[in-house]
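What follows is chain A paired twice: with chain B in the first complex and chain C in the second.
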Partner chain A sequence: MKRWIPIAVIVLAAAAVPLLLNPTGYWIRVFTFTLLFAAMAQAWNLIGGLANQLSLGHAAFFGIGAYTSTILLLKFGISPWLGMFAGGALGGVAALIIAIPTMRLQGHYFALATLAFGEVARVIANVWTSLTGGPVGLSVPFVPPGFAAYSFKQLLPHAYIALIALIIVTAIFEVIRRGAMGYRLRAIRENAAAAEVIGIDTTKVKLQTAVISGVLIAMLGTLYAQVAVFFDPDTVFNAMSISIRVALIAIIGGVGTAIGPILGALFIVPVEELMNDLFSAGAAGLSQLIFGVILIVVILWRPRGLVTVIEALRTWLRGKGAQS
Partner chain B sequence: MSFIQAILDGLLIGGVYAVISIGLTLAYGVMGIVNFAQAEFLMIGMFVSWFAWAYLGLDPVLAAPLSFAVAFALGWLVQGHLISHVLKAPSVAQIFLTVGLLIVLENGALLAFGSQFRSVTTSYQTMSLSLGSLFVSVPYLIAFAMSLACGLALWWFMRTSWFGRAMRATAQNPMAAQLMGIDTALMYKMAFALGVGLTAFGGAVILPYVTVFPGVGGQFVVLMFTVVVLGGLGSVAGAVVGGLAVGVIQALSALFFPIQLQNLILFLVFILVLAVRPQGLVGASR
Partner chain C sequence: MTILDVCGISRRFGGLQALSDVTFSVPKGQIVGLIGPNGAGKTTFFSTLVGLIKPDSGSITLDGVGVVGLKPHKVVGLGMTKTFQNVALFAESSVLDNVLTAGLLRHDVETARERALVCLDRVGLKSVADKMAGNLSFPERARVELARALCTDPKVLLLDEVMAALNPVEMQEIMDLIRELRDDGITLLVVEHHMRAIMTICDRILVLNFGRLLADGTPREVANDPVVVEAYLGRSVEGHA
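The block that comes next holds the complex of A and B.
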């Protein structure tokens, strides 16, 4: 019971934040994207953290999700709520197709293969103009506001939807991590051969994780499309701004932990936005440069992520408490 | 006839691909690091050569040794101060340290030079030699010849010099090499600096037919990885075969498919090789 109290406090605090922000302002948008990227990094964390398969191609599933719901809405008037599940299903299928030939690859090789797959998805989305509209991009059509239509006049509902999505993805992550599947994944990560010997179907477990991760990030793609309103293949299928960024958020926060992606997103997204806000006019590239420097510093200084800073703080505080 | 022409063009371009990719395979072979930022050193080499052309009036191809030297010095610092710290770290740290480096270098260039495209004009830019009914583009030929010279110099260095032998010994067994009195940390610096230097050298020689801008590295990342994976990550001879193969694949796919799909074919070849034969087609694993 006791461990639920801090979680409840954090969730309530997060729920209160949007109410304090100007509902038509800039920061509520930043807040929404922070939550969304935290959820995306959490979905990546399943495969990247628990299975230790460092995917650099998650933009493929994310883009499929964004495109599926938007195309269904444009062509058939289907609500994005339903489109989200259709996108999730397609994202899962794509994850399976990618995972089957790449799952036995490890470390650098897996990262390279998934990077190439992500680029394949981007090229296809650019070329298949009859379906995606090609490089011109898609605009999410304006429909009369309402919850069922997933259309809102303000960003406030989007912020709450992103918050709920983050809670759901984090809960799924925790359930898997603590459950039998989490133990199997840990066994595979520590020693794949030994795991196989004691009877774990390593391929099956990795495939399951990859598909769940793909489904989740594809569904988040729909959320992104609804907030962004306009996107093109080079935004949602982008290796740097989606695939690598999502992995970076999890890694900077603390890969393999539930709190890591949230910490990472809380740190990275606002800092990046702030940089863009401060410097965009004067110096192109400066905000990204600082982003890169932060990444290098965190990896050299805290290879296990910012989560270790919190742990260190906690032991320090506890030590203080014991002294007094 | 256009088929043979495409193969010829592919081989000429592929020779350059081999040289720009050798560095990637060298760093992996010697210390097991996959440098995701390797293509950024191509961009740096191109910029050095462009500035040498614009301000010193040097031919971009002749500026190649200068590009090599600048990238070598930069690589020495990067290896000594950044990568040396993650040599024994999990692959997450290794991959994302070099990704961070990629972001820093690309955006540093954007900050310093702006986003505009820069190209050079040379007297031989549009010339071509006719060989029966075939045409040999002069800039391709020059780039190929320079790459060949550079590759041979590297081969000679690795075979005959003490440094080359020490580096190969380090690649084979770092601990044994250290016991024989080889400073492995120095060898790592040498391998990394030499590798990025070669990539920058390649950047300079392609400047007559490729425009430079801060994001140019992005166009070569997957290409370079395809080259080294085709040849077997860690194998220098494999990179040469891989480079020529990638050049030919690119030229042939341009013949049969629309230009937008050119990279797609390359990516698919890449994934196929990784899935079927991750140790490379040429075979020799590290």
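The block that comes next holds the complex of A and C.
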């Protein structure tokens, strides 16, 4: 019971934040994207953290999700809520197709292979003009506002939908991590041969994890499309701004932990926006340079992620408590 | 009743014939020792039995079911598993989690935890259940590995040098445990370099040399077999008779 209290406090605090921000302003948008990227990094954390396989191709599934729901809405008028599940299913199939050949690869090879698959998805989306509209991109059509139509005049509902999505993905991550599948994944991560010899179907467990991760990030692609309203293949299938970014968020925050991707997103998304805000008037690329330097400093300071700051803080507080 | 039937198992690695037409069968409840000089193919043979290595030819039948070509987890599911000679624990997990994970083969997490504690108790390591596996001494890790293998509820258990680096007291404990397991109905194949231990606990001994089965008999028969003595000493003993 006691461990639920801090979680409830954090969720309530997060729910209060959008009410304090200007509902038509810039920062509520940043806040929404922070939550969305936290959820995306959490979905990545299943494969990157629990299975310890550095996927750099998650943009493939994310883009499929964004495109599926938007195309279904444009061509058939299907609500993005339903399109989200269709996108999730297609994202899962894509994840399975990519996982079958790459699953046996380890370390750098897995990273490179998934990166290549992600790029292939981007190229296909650019070329398959009849389906995706090609490099021109897609605009999410404006439909009369309403919850069922997933159409809102303001960003506030989007912020809450992103918050709920983050809670759901984090809950799925925790259930898997603590359950039988979490034990199996840790076993595979540490010694695959030993895992087989105690009866773990290593192939099946890896495929299951890849598919769940792919389904979740594809569904989040729909959420992104609904907030962004306009996107093209080079945004949603982007290796740098999607694939590497979600991996980076999870790694900076603390890979394999439930809180890591949340901390990582809370740090990276607003800081990157802030740098753009402050330095975009300066020399070209200055904001990226400063952002890069900040990342390097954080990685050197906390190589195991920002989650270790919380651990250190907790130990320090406990020490204080013992003294008094 | 035969629990394990091995027939004509051969395996070649490039120019090396690692296993050559190995044939024998084991009745349920026997403790079988597998001995032979270094490089004789003992570990390769164990790996072949559980499906980590696929034989070029031959058949392996576990309790009436052919297991050649099955993935290791299927073989384990059918009731045969092995420990690793160089110990392959999940070093960054706790001792309990190492063993618990094996219990998940046949149980849910809660039951697997109870089973794991029972298995740890049997190898005398219940007190270190919460320690990180990588922080244990080598003999302790070997025992965790034994507990982990036990937690899969095997019918046939292959132990690859679990007594390495044990002191005489610990060795006696493991020997007693192996006998208890046999009394519980588990069939054991044991690779061990310690001759006194193997001669004491085994009902029967197989001698492997250059991948070929050299002898098969009771400890006494094998110890007095001139072919075996020659393989171990590297020269003919006939001239000295």
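Everything that follows uses one rule, which is that the second predicted complex is superposed on the first by the 324 of 324 C-alpha atoms of A that agree within 3 Å, B and C clash if a C-alpha of one lies under 4 Å from a C-alpha of the other, contacts with A are read in each partner's own complex, and residues count from 1 in each chain.
Heads up, the rule we're going with is that a residue touches a chain if its C-beta (ideal position, glycine included) is under 8 Å from a C-beta of that chain, and two chains touch if they have at least 3 such contacts.
Since this is a predicted model, take the numbers as computed values, not measurements.
When chain B and chain C are set side by side, the one touching more residues of chain A is B. Look at A:262: by the touch rule set out above, it reaches neither chain B nor chain C. By the touch criterion defined above, A:176 lies against neither chain B nor chain C after alignment on the C-alpha atoms of chain A. After overlaying the two complexes on the shared chain, residue contacts for A:71 are found with neither chain B nor chain C.
In the superposed model, A:244 lies in contact with chain B only, and not with chain C.
Applying the stated contact rule after C-alpha superposition, one finds that A:193 touches chain C and leaves chain B untouched. With both structures placed on the common chain, the touch criterion links A:227 to neither chain B nor chain C. In the superposition on chain A, A:201 makes contact with chain C only, while chain B stays out of contact range. Taken together, the two structures place no residue of chain A in contact with chain B in one case and with chain C in the other. Per the touch definition, chain C reaches chain A in the complex via residues 50-52, 71-73, 76-77, 81-82, 84, 88-93, 97, 100-102, 104-105, 108-109, 112, 148-149, 151-152.
Residues of chain B that touch chain A in their complex: 34, 82, 85-86, 89-97, 99-104, 106-111, 114-115, 214, 222, 225, 229, 233, 258, 260-261, 263-264, 267-268, 270-271, 274-275, 278.
Put simply, chain A touches chain C in their complex at residues 179-180, 183-184, 186-187, 190-191, 193-203.
Residues 54, 101-102, 105, 107-109, 111-113, 115-117, 119-120, 123-124, 126-127, 240, 244, 247-248, 251, 255, 283-286, 288-289, 291-293, 295-296, 299-300, 303 of chain A are the ones touching chain B in the complex.
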